[in-house]
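Here the chain labels run A, B and C in written order, and each chain numbers its own residues starting at 1.
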């Protein structure tokens, strides 16, 4: 009997952090403009000490202003989506659940498209409108997904799917029938795109990320129990109603956060929790932090590939996450010894 | 001949056949319940005022045909609903007033389990029984592991410790579920029709184990069942329910009356007394 | 260690803002103008390195004689041929910010017809000035060329080019003045069948060539069914040609297709192709309009059988010769 210990969790997360770090360094290094690792380290070091004059202007521009913000955005999005995915898989009792199944991404997309229609030349508005759309959808699906005043997994899933389809239909309607409007930017947004820097300071977004992931983490013991059966969990003293509410809100907020800054990047929320489960087991006390880090790694790697494979053309990140993630998943599935 | 025992003081049993000592651990006084399909329609089902007691080391069967209110009574005992009238107490405290964690520390309920979503090992499953006894986000201590191990030993499932839950047979799984309940270290162990999917060997084995748990480990065990003979053979006390009414409470010998049982179960039954004071029920005209 | 990582991340996230602010401070030394989408652009004092984000802008830069000032363009910029040799920054919809930044442009040219607002915003945040043009009409495009020329300090070349373009447009207009408009179906995409709306640039270009789209729609790219086309019975069908296909092959193809071959236009052989440049707001557009006008209103040009040679770059002359050759093939049918 070897139960999960805090040390074990810490060790694995440390290892994943190391992998993430390597991915980040490689990502900073590659691109249209070659930069050596030494240059990267020196640049980061000088930036941390705020010695701007010591950094050559090209490095400032390429490494600090273009690549690093993009990587940090990718980490944020990857961590958000995979944690949300793990949360929804437990909440909906469905291993195929991904962060978008409850319609949050469609709501965000609708918000974005409405802002493009209303104010086509206001850059910061899209992000805010998308997040507003996400929040509205979260609330709507919550009220639709209740049964007897409590969140019911089956009803929630149904409500979410219906809402997602409805919103997608509205979006398609708007995109094809609006007079004279060119919503070309939406195509990229729907595919998932990390090339546009966030208009909101990343500090606040990371703050929100930490709070949301932390909230879900506090319920991880409860989730382990709930996964063996809701009734059983209740009999063991789990406040199932409260746990479901916390997970629902936190995971939806994470999804809204990710989608409003980068569009709907696919596969991360679905694949990463499963890969982590295959590698490290199904205990949510490890799954939550490991998924967050795993998602960050996946998105950073995918984005690096997306911008270097056919440089200088940039491919959509969503395509890369599928290409990078799916084979790994298949390999692990075949390797599993049971 | 047999009058349905109704409201009034709880019945005490003058001659104990086996088990039961000390003050009652569980006291059910005049508890009743009703629920309807919707808020506005008339109550579809009511559980009439029921009263009985159970002591330490007692194995009590809540017996009755289908839809007699057994599961409802169990629900009240487990504190999942508040009785409309009367009270249910455990160790002197009203059950419905306990907070959910404390209740889980005192009462363990074993029901038909749901399907597991993700693979889980037996020891992980049993270890979850320790959840009520710590913080919400907890990592199990050595003591937890020890108690979980003990629980597995108590049900004789120690050999399955490292196996996967979905590889177990029905009987093995039943034992592991019981082990999880025991890992909670409850005062009261409630089981809802635990013999349903077991063959006769499995049924006997389970009841034997429950008997042993009551005798040796001082649990108070309440089993909801409709297995007449098993209940008669192993239990100290029977609570007989019929259509929501608590008809009789007492030892198997006291409760098993031919006409009473025939009326309740709507079958031609014959009651035999065996040596040792335990009755046996057979179908009339079968020999 | 977690604390260090977090601190590092926090510091790192504040860095870009500070840097961009510094770049913006430097840029403030130039003069501020408003571009065609209403954005405030701070122009540098001298524009020596230009990066274009669309093929029509590349063409314009070359037409103004500023080919040597072009530091980089997109990988779909193929007119003139020399543009293909320039460093590429990606495709117009999603160019690589890095590739652009590395070229150290003084000015980046973008257009609403193919570029995204996000790209413009991202470049601005890096401190790189971007001028966005927003062509809706042919005349507007010509004015835009004049403005861009003046901004980059090539006012004289710009004035000359623009004067010549305007002259040709006016000549065409007067020649077609008393001719009735020809009704055409302009095919953007065949399957599904997509054509142009009233407010598009192409619709305006068609009007200059003496043609009107049979489809009146407020949307930019209305989709319609072939039955609708049969009902509308356009006089001509206009395709854009990929380099290779000609009107003849298009016609043969249409004659073999069920609903299409019954159209009057197909039966009479009134299928015309125009080069890709017809859909682009660039100087070459005027050539394409003239070519189209010749095909749709042959009677108006009966007296003269060649395109007037323009006084601008060699590329346009070569283009003209090529088109003249095509036109002769068509007339010979």
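To be clear about the criterion, a residue touches a chain if its C-beta (ideal position, glycine included) is under 8 Å from a C-beta of that chain, and two chains touch if they have at least 3 such contacts.
Source: prediction; values computed, not measured.
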### Task
Tell me which of A-C and A-B has more C-beta pairs in contact.
A-C
### Message
Farthest chain from chain C, going by mean C-alpha coordinates, please.
### Response
B
### Query
Could you state the distance in Å from the CA-based centre of chain B to that of chain C?
81
### chain A and chain C: spacing of chain centres that average the CA atoms, whole Å
38
### Query
In whole angstrom, how far does the Cα centroid of chain A sit from the Cα centroid of chain B?
46
### Sequence positions of chain A contacting 2 or more other chains
none
### Query
In chain B, which residues are in touch with two or more of the other chains?
none
### Query
Out of chain C, which residues touch more than one other chain, so two or more?
none
### Query
Hey, which residues of chain C end up touching chain A in the complex?
1-2, 5, 8-20, 22, 37-39, 75, 88-91, 93-99, 101-102, 112, 116-119, 121-122, 125-126, 197, 199, 218-220, 223
## Note on the structure
Residue positions on chain A within touch of chain B in the complex are 1, 3-6, 93, 95, 217-222, 224-225, 227-232, 234-239, 277, 282-283, 285, 338
### Summary
Touching chain A in the complex, chain B uses residues 78, 80, 100-105, 107-109, 111, 113-114, 116-120, 123-125, 127-129, 131-132, 136-140, 144-145, 148-149, 161, 164, 184
### Query
Which of the residues in chain A end up touching chain C in this complex?
14, 17, 31-33, 44, 47-48, 52, 58, 60-62, 64-69, 72, 120-121, 123, 176-182, 184-185, 188, 193, 195-197, 201-203, 206, 307, 311-314, 316
